[in-house]
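You will see chain A twice below: alongside chain B first, and alongside chain C after that.
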Partner chain A sequence: MTGALTTGTKAAALAVIVGALCLLFEGLMPWIISFPAAWTLPLTNWVGTGAGEALALIKPTARGFSDLMSYPMDWAKLGLNAAPWPLILGVVLALGWRTGGVPMLVLAAVGMAFVLASGYWEQGMNTLALVAVSVPLALIMGAGIGILANEVPRVREPVQVVLDVMQTVPTFAYLTPLLVLFGFGPVVGLVASAIYAAPPMARNVLLGLQRIEPEIKEAAIMAGGTRRQQLFQIELPAAMTQIMVGVNQSLMAALSMVIIAAVIGGFNDIGWEVLLTMRKGWFGQSLMAGMVIVVFAILIDRMSGTLAQERKPQFDSRIGWGLVALGAIVAVVTYGQLGETSDYAMLGPVTKQVDAGLTAFTTANADWLNALKNNALFYVLLPIRIGLDQAVLPFTWGFMWTSQMSLWLFAGAGVVSAGLIVSGRVMGGLIVLIIAGILETGVSQLPWPFALVAAGGLAWSAGGRKLALLIVALLASILLAGLWERALLSFYLSGVSVFACAVIGGGIGLISAVSPMTWKVVRPVCDMLQTIPLFVFLIPILMVFQIGEFSAFLAIIAYAIVPMIRYTRQGLVETPEEMIEGAIASGATKWQMLFHVRAPYAAPTILLGLNQTILYAFAMLVIAALIGTTGLGQSIYLALNKADVGLGLSAGAAMAILAFGADRIVQGFAEDRRKALGL
Partner chain B sequence: MMRKTFAAALGAVSLASMASAADLGAVDQPIKLAVNEWTGQHVTTHIAGEMLKAAGYEVEFVAAGMMNQFQAIADGDIHATLEIWSSNVSDEYAKKVEEGTVVELGDLKLNAKEGIAYPAHVAELCPGLPAWEALKACAPLFATAETLPAGRLVDYPADWGTPGADRMTGLELPFKAVPAGSEAALIVELKASAERKTPLLVTFWQPHWAMSAYDVQFVDLPAGEDACFTDPAWGPNPNAVNDCDFAASRIFKAGWSGLAETWPAAAEILTNYTLAVEDQQPMMGAVDVDGGKVEEVVAAWMADNEAKWRPVVDAATK
Partner chain C sequence: MTVDLKNAITCQNVWQVFGATPDQALKDALGQHATADDAAAALRESGHVPAVQDANFEVKEGELFVIMGLSGSGKSTLIRCISHLLQATHGKILIDDEDIVEASDKRLIEMRRHKLGMVFQHFGLFPHMTVADNVAYPLRVQGVRKSERLAKAREVIDLVGLEGREDRFPRELSGGQRQRVGIARSLVADCSVWFLDEPFSALDPLIRRQLQDEFLQIQEKLKTTIVFITHDINEALKLADRIAIMRDGKIVQIGTPSDIVLNPVDDYVREFSKDVAKGQHAKLRSMMQTAGDTGAGLVHGADDPGLTQDMTIDEALARCMSLYEPVPVHGADGKVVGVVNPADLASALQVDRS
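For the complex of A and B:
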């Protein structure tokens, strides 16, 4: 690292200089810290007006589509609700048998029995009706986009950007315009979940088509079919396994979005039920409703997951039909005697016990939990947010922060940094200086010139000049739109959460990789955290930690930690055999192997996990607004409630910009790492 | 979609002037009533629905978000919503009324009260309550990590405004208001406080089932007269406005502009329909605390209190 300066060091040096200048002149020029309102452009209003006009233009078409879609919706809802439950049970069991034999049959039986016993059968069927219509829509949309990107290489790059936008702009941000377009009712939820569920399908279709062996393509060309014949008769079937992965991912995405869309109401589905019970603060009941979604998600995931396997297991179709027939017979015999499905609810006592348990737990452990929260806030979260100069107060740290202390801090950092630079670690020295500066100032009060330069520099070293320019331009648009302070708050909250996820999740992933027993326990917990409606977590967290930032921090971690755990384990476990054998031959211990062989090899996979964690954390920010956070999430939620299209879209775009920037920078570093490993 | 074509012409019809028996109108088309997110509104709406059924109408209850329902009402997808709080109504409502696509259907006369409140056990911790002056000395008791050294007031979610924070400033009380984010968060705070006997000060309102479930009491503040909000000299703090209780909030009903044309008698029933807190709050308790079904609770009340609703139906139909 000595001698020649890399792009990274140059960028870091520039950031240090700009940061130091900002600190020096912040007293003289307050506009360095808070971007003057007079310099902002009424971008939000322009977006509102522009979107309003565009919406008015396509509204008639959209309303037509809405009317059209309401037929299959009503049919699905009516069909699933009118069918007696023994018949539906028979069909689900048959599907379970056909896709996975006896184990899947048992899983399906237990799952559906739980749905019936929870008392939410009707709401569950309505949710399934929504998924049943939105998923085909998402699949058609996704497949169309994927095939288009495959056939016309020129559009591939813009298509990737569109897919990113579809996945990163929070759904809450575009619910209002969708409501104006499609009118009130479940069709809005349908469209929202289709928008969110289409990208995984599109990506997998494209990936599948690109991965087809050249020999197969050549054979298709030799056979002399038209392009369309080649595509539909040879290439798509050859890519079917990969496409099925897309179908599976689409299903899961649609299921998770159905809940969010319930905020609008109009369908009496599980999401609505979760919202109602949560409003009353009934944890047990909302957990029960949430678990119905988890059951559906697990069944759909496992059943559709077998579709993606290369060699599908074969199970006797006669038994499947037998199960359907049995269900039908039971339904006919018991016709008129089954009563309401809600009569089968028998888990009421369980929900009461869950509530009582939560109360007992919070009462018994209030003291240390409170101490945990106070310590985390005083010594970690507040200093990072508003800086040591404001967070250190007599009643938090026991003394008052003075400007001398700031000087001492900078002097100390300067000494450490000089030592590092002299010993050749220039980059390390510069980073120490940057961290000291950020700690003193606080993330939410970072001077904007410094933030732009630092982000640009980071992007430059991760992905080159083009990425740096793009990211600086996008961030500048947030600045001009007057959303900067809120964006910094969101960045701070998701940043600390992602950091905590990386440390804790990485640790859990590591342990899971070493000990298969731990993974057996961790895996179902991960499944549940990912599929249960996010709202459900908020109640117990609030019960213990009250409204505010710390609760939001925990809620984000609960959701965003999952990919970190999964990918860390995945990366560490799948190190190629020959590398391990080589290490064993050279006498490496278990831990040496982990840190020197497995960890470097797993780095790209772990970085991908980090990337997913970042996206998840941003997705959860909007939900966290429900427990009183500030920042972009709150703006989006506010805009939804006030039906303010301009603010909703702008704040959503700002959120997407932050997520997009973080994503591209991490991916850039992962790419370098992969190249270094020769992958 | 057909209904919209004649809806536009009707915006200006004054509903309040109709007092005599009216036409039933299109009895074969169901009247759709919005069911929002809270139980009080469910009770209000189901009583109205039963009254319309008694008059000979078909009624459908449609689940709809409070804030998002007005577009649907403007489009005639939902025909009426029966419990709008003036303190918590989206800007969209005003827009739609101006457009003439949504019309107000008069007061529900539900006697609502908003205020600064606390669960009853807090009076033991801060003995001067309910007098507001007691809060000055007790403030450190309510302090948390986020608000130190000030006490913490859990205020309404940000999108409902900041009435609690305004009171604290007006009365110069050493409290910092923290927006709750959602009604659910407010309820969970109340629940946790009641269960753990911890101090809590919230901005809250009645009728609400939690008032009785957690024995919530209001702090006594100087009466919220008009002068308090305009004249700093008024009230205990000579230098600020808002040094008093909340202004009374109004609870009213609204409907689709085509309502009176399509179902004249129904419009009259809904316009004249009122409900008292003393009737609504016990029903909310029966649903939320005792776990009853809204339909059954409402049916029982209607059977016992025919004198309270039958005359409204009869006036419109006979």
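For the complex of A and C:
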């Protein structure tokens, strides 16, 4: 270890030095902490003006398109609403039968019965109408982009970048320019969900086409097919399984976005219902409407998911048609006698009971719920956010933090660090110092020179000079735009959430890997959490913990923890058999095997899970702005309400930069590990 | 041998270079260096890979031409240049006197539909089509009516012994059966030039031998021109009329199987033939002295053990174990066409056995 220092160690040392200097001089030079307003550029305004002009240019076309799209949408809405519910039920049951046999049929029957009984049939059909129009649009766009990227190698790289960006830009951020373009109303939701749902399709089409065995493509060429024949007769059909994965993801994305878009274009659909009841504090109803969304999500996901199976079982189509016919016959026989779908709402009392039960629960358990919330807030979240020096107050901690205590903290850290460095673990020692510094100062008040150096150093050791320069430049642009403090707040909240996800999710993944029984329980929960649209996560949390940062924290964890669990388990379970046998032959115990063999082998996979968790956390962060977060998410949400394109785009871009940076750095480390393992 | 057959395939100075700027790099290298070896070295210097280096050969009509080499020697690249799955960086490739490198896209499609067939190492079957649809596909792209193309497909499916499996999907077949589908598909359009890229390498040894024998029977029937790629010297010797041996992109030797075994040009080729039981492959024809060689007519002893020029060395040796004088070798018509010294037969087998 006494030899040449690694890049990582050098970067950490630099960060420690810069951090120490910042701490020393922060009294003298306050601009180290808060970037002076005088130094910022009116980037937000420029973006606003520029985008405004560009938008004005295409606005007539967009409005024309908007008018055009309102026809199919109205038809779909009219069709789904005018059709008697027995007919629709028949069609859905037939789809269930065709895609998954009896189990799917039962699932569809139970689900649709619930929708009818919930009293939200009409709103549900409106939402489905929106999905029904936006998804074909998204599929056509996505397939077109995917095929284009496959056919023209020159555009492949840029298309990939655009798709990456579209995935990292928060959903609300798209909505603002679309709002300006298309005006308030359902068409915005339609377009937004089509745009949001196209990338997964494009990605999977491209991936599917590229993954075809080269010899299959060559065989098509040698058969004398024209390029068009090769593509449509051989390549696309051969890639169908992957393309169906795209259709499935596209459907789920569209559904998720249709719900979110209710924030701007509510029109008596289910998303609007959730939002409205949530705002009014009618949690029982909100939960009911949310459950309708979940039912749709599960049905759409499971049915379309079977399309992507390699060898799907065949179910007799005659039974499917029979179900449709049965639905039609019932509809005709009962014509005029069915009444409104709302007549079938039988769950009203349940809603009331839920509300009452909830109130009873929260009052009965108020003590420990509040204790949980306050403890987490005062002893964990707040100190990380504003630092021990400000968070430790007599009112909460019982004593006042003094600058002497800071000295003691640093002295203690220094001793530990020195011990580590002497024993050869230079990196560990430096990290202890950095953590002590961050704890004392607080994430939201990190001096910007330190933040830039630390991020740059991290990027350097993860991905080399180019990545470091890119990330520092992008972060500097946030600084210059005057969005720095908000960005730090967002970084802080996503950071603690991701950390919590990593610890809890990693733990659950570990247990699931060791005990198959646990996995049997955890797996369906994970499936469920991944199917539920973002929005719905907020309802139960809000019911118990009310609006606030803690609720947002919980919502993010609930959503972002899933990949961490899945990837940790997968990585640990998928260690090659020979390695395990090697370890057993060497006499390793179960736990030794876990830590010495499985964990190192799983590291790249687990890092990939962490990467997904980060992206999920940023996605949820913006949605969580609805229930009270500060930072960029809030700015994006405010911009949406004020139709402020400049702020919306800039804050969205800043959020995307944070997500992008974290994504690339973690991927860089994962790549390093993979290479080190020769994978 | 004496009949001058037409060239079905001619390769002249064919280069295939991979890298950042292959065209320019090759042009520079050829401009600055006199020999192909020097040019190839210069290309490697500049970070390019000369996967095929200055290939020159002809394949006669109806000939079974085998290209052999280790993996990475450029043999797959070369066959892809000839079938124009890759655009050769430089050189002329004539198929029936037509330059395939210069051919238009339209003409290429035309040639592939009517003239060229190809079989792939990993079969390249279309996973979403049944056996019959796979085999009939080359006819489908030509716009042949469905009933007609399925009838034609059935014929070739029978030829490769897959009758009764027309409606199976590729995933339901064994490896050997899959390759039969691949062979049937490449034959359905009556090609005159047949490319086979390691067609039997992915199969286990027993199936491989069986398919090799069937392949020879099919070839006997169809008499197409064949370019066959393999890394297996035994396969090459068993099937080939002539063999080209490649190393690092370069063709190091072209010759008949007995040439390769008896007169390897360098250690690389010798290394290949080391494991081969020479006596089973080399024909007497390649060893005997003819009137032209000796310049003094054919002198031989009194014994005539009845050797013919198409006997292998093993067979010949078995007949003249106890003889010490040179013995006559007869042609197909029974006339004496050459002489061979039994001692030479024995010593030929000794080479490389140590």
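Simple rule for what comes next: the second predicted complex is superposed on the first by the 607 of 679 C-alpha atoms of A that agree within 3 Å, B and C clash if a C-alpha of one lies under 4 Å from a C-alpha of the other, contacts with A are read in each partner's own complex, and residues count from 1 in each chain.
Just so we're on the same page, a residue touches a chain if its C-beta (ideal position, glycine included) is under 8 Å from a C-beta of that chain, and two chains touch if they have at least 3 such contacts.
Model, not experiment: these values are computed from the prediction.
Q: After the superposition on A, what does A:T226 contact: first (chain B), second (chain C), both or neither?
A: The answer is second: A:T226 touches chain C but not chain B.
Q: Just to be sure I read the superposition right, which of the two partners does A:A238 touch: chain B = first, chain C = second, or both, or neither?
A: second
Q: Regarding the shared-chain residue A:V263, is it in contact with chain B (first), chain C (second), both, or neither?
A: The first partner, chain B, only.
Q: Once chain A of both complexes is superposed, is A:L542 in touch with chain B (first), chain C (second), both, or neither?
A: A:L542 contacts chain B only, not chain C.
Q: Once chain A of both complexes is superposed, is A:P136 in touch with chain B (first), chain C (second), both, or neither?
A: neither
Q: Quick one: is A:K373 in contact with chain B, with chain C, with both, or with neither? Answer first, second, both or neither.
A: In the superposition, A:K373 touches chain B alone.
Q: Check whether A:I216 is in contact with chain B, with chain C, with both or with neither, and answer first, second, both or neither.
A: The second partner, chain C, only.
Q: Is the number of chain A residues in contact higher for chain B or for chain C?
A: Greater contact footprint in residues on chain A: B.
Q: Please name which positions on chain B make contact with chain A in the complex.
A: By the definition above, chain B touches chain A via 1, 36-39, 62-65, 67-72, 75, 77-78, 90-92, 144-146, 148-149, 154, 157-159, 178-185, 187-192, 195-196, 198, 209, 288.
Q: Please output the residues of chain A touching chain C within their complex, sorted ascending.
A: Where chain A meets chain C, its residues are 213, 215-216, 218-226, 229, 233-234, 237-238, 240.
Q: Help me check something: in the complex, which residues belonging to chain A touch chain B?
A: Going through chain A, the ones touching chain B are 63, 67, 179-180, 183-185, 263-268, 272, 275-276, 278-281, 359, 362-363, 366, 373-374, 377-378, 393, 395-396, 538-539, 542-544, 546-550, 625-629, 634, 637-638, 640-644.
Q: What part of chain C is in contact with chain A in the complex they form?
A: 80, 83, 85, 109-114, 116-118, 120-128, 137-138, 140-142, 182, 185-186, 189, 195
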